[in-house]
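Consider the two complexes below, in which chain A is the common component and chain B and chain C are the respective partners.
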Partner chain A sequence: MSESIQTALRTRARELLELGEVSCVIGYERSPRGRVRPAFIYEPADADRLVWDNTCHHNLMVYLHDRKTPPRRGEEVPRVAVVAKPCDVRALNVLLHEGQIAREKVFVIGVACAGMCEEGTEELQARCRRCRERVPIFYDALVGEPPKVTAVDEDWADVVELEGMSAAERLAFWTREFDRCIRCYACRQACPGCYCFECMAEQVDPLWVGIAIELPEKAFFHVMRAYHLAGRCVECNACELACPMHIPLSLLNRKIAKEVEALFGYRAGGDPQTPPPLATFRKDEELPL
Partner chain B sequence: MSDNFEPRIVGFLCNWCSYAGADMTGTSRIPYPPNIRIIRVPCSGRVDPLFVLKAFQEGADGVMVLGCHPGDCHYSEGNYHARRRYALMHRFLDFVGIEADRLCIDWVSAAEGHRFAQVVAQFTAQVQPLGPWNGLQRRRR
Partner chain C sequence: MKLTSREQLAAWLDALMERATVIAPRQVECGGGSGTHLLLYQPVASSAEVVFDFQRTAMSPKGYFLPSTEVLFEIEKRSNEVTLDEALPQDEQVLFAIRPCDARGLRVLDALLVEHEPADAYYAQRRRNTTLVGLACPHLWPECFCTAIGGAPDDSADVDIMLYEVDGGYLVSEITEKGTALLAGLNAEETDQPAPVSDRSGPSVPVLAPEAWPALFNELYWARLSDRCLSCHACTYVCPTCRCFDVRDYTRAAGPNGIHIERLRSWDSCMAAAYRRIAGGHNPRPSKMHRLRNRYYCKFNYCPQDFGAVACVGCGRCIAVCPVGIDITEMLGEVAALAATLEERGKGKG
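Here is the complex of A and B:
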């Protein structure tokens, strides 16, 4: 299955580059050490570097807009093609909705996805076991056949377990987890939703987060980052996978996703028409305060 | 917790309703707990969740966000946004270990001097049994 997807991806990438439809194809390649890593293909001859298997977990939408070097005024933004799993397309949807990317600048090579595996195992990642869509909600070209996987009901077991604790236990849990953070910001860099030119964590005036690598600063950063993604996080889990200290960041994001769904009946990235819940309101709504 | 613990409460009050309401409480000579430290903001919609978390980090035991009643916002819709924001924030802060009872969002109009005193008294009584907030806090130098 992944063999045929890989071949189709390479063919499609070569075609797009040869026709000059896009300047670059963003996909996955194998690193010299054998792990899969993001790849940027500029020449048709290089298209055969592209790979596809069950370890292509990176969310490539993060490379679509280069937040460090935005295009100069009057400079044309190049059109690129990107290999996208269903979860990645939802992230792209959020970016499109927020006006970060123009739809015509992206050629979406959607991949029917059977799920990604935990590193070094053949076991599906928890988020992939919960996945509700196996085919991207939109694409310019689709690669692969929709896999036959029975969808599971949304399962909030991990969040509910923590909710069941007392506030003091939860505080102890998060103190332990946040304390491991080394403030490398890998979570933020890997996140497609974190595209601010100046992150609140790096703002100096006002200084929201001090420079110390101490628990209060670390906790503040993680709590606020999660909240900035409220109603925007598509649970691609890029943050958690990027974290070198294995902090369960998905728990924070999933707690918010759970509450957003309960309060506003909204799921991030699903529908391009509905604005994100914290960017809108209904006058007559009754919210428990 | 000891009975004589006096919680330190930070209140973000909107300029147009709640701050004027607090003023009304004062001019009407209605007593209310001195625990609240009032910060005037243009609108409850101006209260960034950063403010709330920062207050907790800098030593607040409880945080209040008070604005105009829904429908009465000076800027038409600021408090509607605040309502959504804090309905969610409430549940999220509880999840990371800051008890939900330490955060309060309510509406006080410029005419409701009595209500302001009542809301503050109620919240102070609510935070008092929780004791001082010591988690995730910046160290005192």
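Here is the complex of A and C:
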């Protein structure tokens, strides 16, 4: 399956570049050390660098933010193609609703996805065992056949476990985790939803949080970031996978996703027609708060 | 040369802990019992916590010399009286099992922070207060390329004591007087056994001479290389020789009785978008191309020219940590090839 997807991706990328439909195809390639990483293909002849397998975990939508403005003033914003798994397309959907990306500037090469594996294993990532999509909610071209999925894990087991702890236990848990954080911002930078020109974690005026790389600042950053991703985090896990200190960021984001789903019946980016609840104002709305 | 067993070494460490802070490789559990762990240099309370067999720690030990956050001084103002308290670090530290590349990284930091005026008093003081116990690597680990930068897995040039693992324990080599002094109390026997020579085979990574870099500054290559960069701080924070910081003053208390201000220094990174933003909002390094290129030029062109030291020791950490597979050895290979191509083209024209 992976192999036929890979062949189809290469063919499609080559065509798009040859026809001048796009200036660049953003996909995956294998590094000389053998690991999969994001790839930027500008020439048809380079399309064969593209690969597809169960380690293509990066959420490439994050790179669309680099291409929102033209390279030089007065020029047109170049159109790009991007390889997108179902979770990635949900992230793109969030960005479209937020007016970040012009739909016509992105050619979405959607991939039917059987799931990504934990690094160095053949075991599916937990989020992929829970995934219900498998085929992107929209695309300009679809590659691959919808995979047969037999069992899907229960959605909130890990969050429920956390909720079961006492407040003191939870505080101890997160204190231990955040303590390791080095404030490298790899999580934020890997996240398609974190695109603020000036993140509140670095804003000087007003000053929300100082420069110290200490527990209070780190905890503040993580809690605020999780709030800023409320109803927007698509659970792509790009943040957690980028974190050099192995901090279980997804647990934090999923706790909030669970609340959002309970309150608004909304899954981030899950449907092209429904705008995100926190960007919606309804006069008649009553919430059980 | 002395020979000692691991048990004797552990007993010596335990005794050291009575009078100095001992920092050693330590296993840290992650993710609330999810089974993953990280190896970090951390202060240890007992030799039982020390990991003796390891490859490379996730972070370099530079934070014990240039902490990720430190108070430089405090200012108290009461009515008309102002006092300034400089918080120079006093603690004696022993850094146990530092790898040769990381020790060499400290030599690079010395060139920049001590041998160059104005010297960094805080860093210099920690350097003076710390004794380095090196542990030779038997060979290069994945991602390592110290030999390409003039280092070696058994290089003892930058430590006070060097340990080599051998059958039955460790060979202990006293390199400096500071090292000899620290070893008092170690149970060991004299031996004429020579130090084992580590396997130096590693990747061949061409490192372009400092003066060859400026000609490549405007190549499209840098934009293409940085396409995938996320502009995070990970590579710079794990690196033993990256040393950028930010300094800010924070008012901790202010009231009718006076005011208390702290001057804080924390790590910063040239890879961050805001790093070079100046008053008025102008940013001379506006894109990630400018920033990634700067990191490499800093290491291989600016630092060697301004301070006499290549600011990379080949520890490989930035390769291992990069979430998107940016690889400094790959860059060095491509840059060397690019330089060769440009030179060829230049000849053709001439």
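Keep in mind that, in the parts below, the second predicted complex is superposed on the first by the 269 of 289 C-alpha atoms of A that agree within 3 Å, B and C clash if a C-alpha of one lies under 4 Å from a C-alpha of the other, contacts with A are read in each partner's own complex, and residues count from 1 in each chain.
Note that in this section a residue touches a chain if its C-beta (ideal position, glycine included) is under 8 Å from a C-beta of that chain, and two chains touch if they have at least 3 such contacts.
Keep in mind the model is a prediction, meaning the values are calculated, not measured.
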Which superposed partner A:Ala39 touches (first chain B, second chain C, both, neither): second
Which of chain B and chain C A:Ile109 touches, first, second, both or neither: neither
Which superposed partner A:Ala190 touches (first chain B, second chain C, both, neither): second
Chain B versus chain C as contact partner of A:Lys283, first or second or both or neither: first
First, second, both or neither for A:Met224, with chain B first and chain C second: first
Touching partner for A:Val80 - first (chain B), second (chain C), both, neither: neither
Chain B and chain C contact sites that coincide on chain A, given as residue numbers: 173, 210, 214
Chain C residues touching chain A - in the complex, by the definition given at the top: 28, 30-32, 34, 36-38, 58-59, 68-69, 143, 224, 227-228, 230-234, 237-238, 246, 248, 250, 264, 266-269, 272, 274, 288, 319, 321, 323-325, 327, 330
In the complex, chain B residues that touch chain A: 49-50, 53-54, 57, 70-71, 77, 80-81, 83-99, 104-106, 135-139
Chain C-touching residues of chain A, taken from the complex the two chains share: 31-33, 35-40, 42, 58, 62-63, 66, 173, 176-177, 180, 182-186, 188-190, 198, 202, 210-214, 241-242, 244-248
Residue numbers on chain A that touch chain B, as the complex places them: 159, 162-163, 167-168, 170-175, 178, 200, 208, 210, 214-216, 219-220, 223-224, 226-227, 230, 252, 255-256, 259-260, 263-264, 277-278, 281-283, 285, 287-289
